[in-house]
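Two complexes come next, and they have one chain in common, subunit A, joined by subunit B in the first and subunit C in the second.
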Partner chain A sequence: MTAVGTDQRQQLAYVATQAADARLNVEIETEGMTLNIGPQHPATHGTLRLVARLDGEQVVEAEPIMGYMHRGYEKLAEVRTYPQVTTLINRIDWLGSFANEVPFILAAEKLMEVEAPPRAQWIRTVLFELSRIANITLFLGDMAVQLGALTPVFMAFRDREFVLNQIEAATGGRFHPNFDRIGGLKDDLPKGWIDDTRQVMEKMRDFCDEFEELVLGNEIFEARTRGIGIVPADVGLAYGLSGANIRASGVDWDLRRDGHEALAYDQVDWKVWTHPDGDSFARYWVRLQETREATHIVDQLLDGLPSGPIMAKVPRIIKVPAGEAYAATENPLGEMGYYVVSKGDLVPFRVKIRSASFSNISITPWLLKGVYVPDIITILASLYFILGDIDR
Partner chain B sequence: MTGAAVMTSLLAAEVPYWASTIIKLGVVALVIPTAALMLGYVFLMKMMSFMQSRLGPMEAGPYGTLQLLADGLKFLQKEDIFPAKADRTVFALAPLVVLVSTFLIYVVIPTGPDAVVAQLDVGIFYALAVSSLSVVGILMAGWASANKYALMGGLRAAGQLIAYELPLVLAVMGVVIQAGTLDLQKIVTAQAEGEIFGWGGIGNPFILTQFVGFFIFLVAVQAETTQPPFDMPVAESEIVGGYQVEYTGFRFLFFFMGEFGTAFAFAALAAVLFLGGWALPWGDLEHWAFNIAGPVIMLVKVMAVSALIFWFRFTYPRLREDQLQRLAWKFLIPLSLVNIVVTGIFKVVL
Partner chain C sequence: MTQLSSTDTDTSAEAEPQPDERREAWAAQLADSLGDGYAEHHIIEGSDLWVRVARDSWTDAATAARDLLGCQFFDWLSAIDWLPSPFGRDMDAQEDNPEPKAADPMEQGHAGGETRFQMVMRLYSISEHMGLTIKADLPDGDLSIDTLIGVYPGADWHEREAWEMFGIHFNNHPDLRNIYLPGEFEGNPLRKDFPLLARRVKPWPGIVDVELFPGEEDS
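Right after this comes the complex of A and B.
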């Protein structure tokens, strides 16, 4: 996925022009056009650059170029102590930041061979699902605004606020909670939080119902998304897609159910949503259903929240024994994993971050061949990446 | 439309030709910024905000009413930038061409028995003809900007405006057949004096018989003014504003005024063609008081039609270019042709 050299690109461009002409069977000499979408473009959620070779409005080939927002978190983590690392990795997927902390903490806990007490695990799961709702709510509005409907995004921001308020009430951070600790959580839930959260979940279910009518029920939305950007299950798996992107292609795979991390998902009754179509509409549909399912998960977890401590016995100064561990969870954007190598020091020796968006975006060259320019936006929006999650 | 329009018409008989011409020029020059500001404030800022559960501008003036004036002042202060490779003359002229086409529509819109700038026998034909001039300006803007996004936007606009010119004209044909004239003033009179099966209580506004035409007209207007769901030429999330992408400051404001001014003009045309224009179905249509009441009546109707136009704008996502063309050629044009045939049959039978 690295940028190719100028000579090579010119060569590619020439080949693409020839191919485009041959395909259209034209005899006049037409010249293709190279369009730079990004790094500053409203549809790229940040600084993704897409070099698209166009034939009229049709894409001959498109290549994503990333790295404009590289912040070097893997390297920075090597000079931070374990508790400090969570502050950094909060900012990877900034819309669902609590979910970023969990797999790293789980990996560290594996190395230290401690396990968080049940109450901490349950609250972790609750907050995990809340950040999923906060994240995907924004996608539900943002996809509509990419397709030109202005109103849904404001509704999404409005209702997302309720969830952010709950996260803030519990953790003190609206965007970057930094709440997860090795061996448990920083604090217990505040008084009255559980009832408030139940009400918020009620509101979010209303929000999902509203969006099902407002966006999914819209004919133009259907016309713009049905059959656009179809990812067959085998191709999606080959490119390493994960999360709702692969579930929308009919692959029934969800780390919340299929993973083995110490979270409370196996304690509640819930469903993994899939869709057979694999197009942009399916991806939107699956995410909407997952948001609603997440509210049910939260409700059930709050009903059965066990009592007890929220912190296991861990030393005051955390030294992680030497070893290697990998933990992956089903984050809002897909599978997020941390491979942590420790040499028995205060700081990790190496942290490899497997972020979902990086793999999800790798399918774009395959997916964007032959689509029209407006469909580029639809497909990018429906694949749902966050630049911080791509570049890290 | 404004008090000045009434003044013009009242004075028109007594003042010399040059003076009335100057007054008329002043009126038209005033109406467009006023109309653009009014629509921009009432619909773009307030109605849209309320639909999206926010307040909109609240600080500039009471209830934010002066926000657009403040924005205009801000635009005036902006640096006038020409892109390095732009064709400077064409680039500078393009917004003016768009604005001129908007100005020209207002010339024939009647707001009272005498309150009209120029009463043409082919009024509606003229209005639709000059409204399509704007595509020239948009193409100029797209080409002269020397920007790929602008070029794509300009080409999209050209394709779209040409495709939707046809349903627009065909939708109006039904009204023309029914009224038997192209003169906008006479279309108004025909509606005010018309009867529904012998009952003249509310006249015969053509929306009752030409509801299909009204629907097609509104859809085509939506496309002509490049508003969602037909805003591909300026799609922000795809081609970043299209032909407007390189424009700053006052030139950008010209495009803005052109867009909203045209929306207002088309709403006024719809009010004249389908809703009875400035007239009320009772009272003497030649009475001088209609020169004062007419603009107010028109304004109410125009705002009602604009509310519809902007309601669509804030509700729907955008279509794709090919879907837009399909809608125009495979649905709207056949439908309007059927409408004309049916209208013709009724005209002959009744």
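Right after this comes the complex of A and C.
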């Protein structure tokens, strides 16, 4: 035990852990131990480290340690022009990278009072949903593999490739499209893309149906996830949980529907999925339904894709007028937003990146208290974070 | 899976009452509850609301926003360093920046302010589908402010980040230490006077972002 700080909360925590040790020693004569998970554990999607103090098999306290991948994007954005920033922010949540670009571009468009033409907004929304499908597909396989089921992850990688192919065909990049521009998009869709995408959406619906039986219908999966890691709605909100994590706690809130950004979500018929339980199973269930819903959104958008230009009239050298704007969208991992402060220059004065995983994972010290060791993996997997989205 | 059926939500655009009236009402409610601690506000019609409060009213403002305005959702917290830094270019290599421009005077953004450092927090109401940004000035000699952990536990990590990136001290924060940077790191990287060394030691190839066509004028 290290030296105790003078701070009262630390003292209380110290007394509590000592008491736990003492009680345990009397009962079964074991000592508390410290378990280090990571920074290379496969459950961590990168390099998250978790230090857990255990009492037998129960966690007394757990602390995530990050920063192994901190790249300082907020500082780097201050010395790049607005179009250059999208190259960086692609790499925040690298599995759904197009979705990262959109809120930043929307914030810049808000400041410039430019609005992308309808066709650009619709294609943006389509690519946004494709990013979501590609991202969540991997989660659906990955959570199963972390619970010991090896097959789903291969199926997920196999089927995700179809979606990535479509993203690549439209943007030129599988992972880092860098396709969104202030005032529109870099290019229009290639020939034949719409039909191909419809077929892929069909495949992804089959994928979702298959997973509904294979994973959600699996007894072991249910036993490992039901009632594990329950997040009450009010606690989740106070910690800033967003996206499927909070919808799995019964909060009916989705920025695609409730946000005021100019994307084309209000043009299609879809619904927001919620689940009342708030446990790991619910989080998986909500994400699976959302993936299927996303394929329907894409289909409808492709049906009604308006014609017209894909770029608004913007100067080639972009100077953004002075002001402040915050734009947030419902990214695959939750709410992602950019608070952009401009001084009327070529470069932003300050960019605050609100990434979903950082807030989503900040609940873990609270959530992991008292759980058993194998459930740490379940809970971390079900909260679904991408390290690049935590460390930025 | 019938027992898990989704909420049937109407996704069609709903007719809203005037959003600006709602934002005005929020600002008025905060002003009532904070009294002298309330400095000013700024509204962009149909878009956003900024409120500036005194440093001592920081936690009161958060509590009022949570309890009176229904902002249950803690979005984020950070700080802004308003020290002028033209284009961020004063940090560039000499080749990139042969004639450094004089710095502009310091000018704070929406809802005003007097000091170099300002705290910013963003709160959101999931029932009203509306958010607001609350700011507070930090006097230069005493960069400290009360912690929000008692109001929103999620503020913990955001405050640790602001502490290491800007050097702002959070009173009564139980665990103020580095979250991203290594423990022995010196300096506060997001301050405007913290140099970006990679830019200083060699030219940056992206300095010319868009080359103009012949005859085209800079717009």
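Heads up, the rule we're going with is that the second predicted complex is superposed on the first by the 364 of 392 C-alpha atoms of A that agree within 3 Å, B and C clash if a C-alpha of one lies under 4 Å from a C-alpha of the other, contacts with A are read in each partner's own complex, and residues count from 1 in each chain.
Keep this in mind: a contact is a pair of C-beta atoms (placed from the backbone, for glycine too) under 8 Å apart; a residue touches a chain by one contact, two chains touch by 3 or more.
Being a predicted model, the structure only gives us computed values, none of them experimental.
**Q** Going by the contact rule stated at the top, is it subunit B or subunit C that touches a larger number of residues on subunit A?
**A** C
**Q** Applying the document's definition of touch, where does A:Gln300 land relative to subunit B and subunit C: first, second, both, or neither?
**A** In the superposed model, A:Gln300 contacts neither subunit B nor subunit C.
**Q** Which of the two partners, first being subunit B and second being subunit C, lies in contact with A:Met155: first, second, both, or neither?
**A** first
**Q** A:Phe221 in the overlay: touching subunit B, subunit C, both, or neither? Say first, second, both or neither.
**A** In the superposition, A:Phe221 contacts subunit B only.
**Q** Would you please give the residues of subunit A that touch subunit B in one complex and also touch subunit C in the other complex?
**A** Residues common to the subunit A contacts of subunit C and of subunit B do not exist here, since the sets are disjoint.
**Q** Could you list, by residue number, the parts of subunit C that touch subunit A in their complex?
**A** Interface residues on the subunit C side: 4, 6-9, 11-13, 46-48, 50, 72-76, 78, 80-81, 85-89, 91-92, 104, 107, 109-110, 120, 122, 126, 129, 131, 133, 152-154, 156-157, 165, 174-175, 178-182, 189-190, 194, 196, 199, 204, 206, 209-210, 212, 216, 218-219.
**Q** Within their complex, state which residues of subunit A touch subunit B.
**A** 33, 35, 41-43, 57, 144-151, 154-155, 158, 218, 220-221, 223-224, 372-377
**Q** Touching residues of subunit A toward subunit C in the complex: what are they?
**A** 7, 9-10, 66-67, 70, 72, 74-76, 78-81, 83-84, 110, 234-235, 237-240, 242, 251-253, 257-260, 265-266, 268-275, 285, 289, 315-317, 322-326, 328, 335, 337, 339, 341, 343, 345-347, 349-350, 352, 354, 358-359, 362-363, 366, 391
**Q** In the complex of these two chains, what residues of subunit B are touching subunit A?
**A** Against subunit A, the touching part of subunit B is residues 48, 51-54, 148-149, 152, 228-229, 231-232, 235-240, 314-323.
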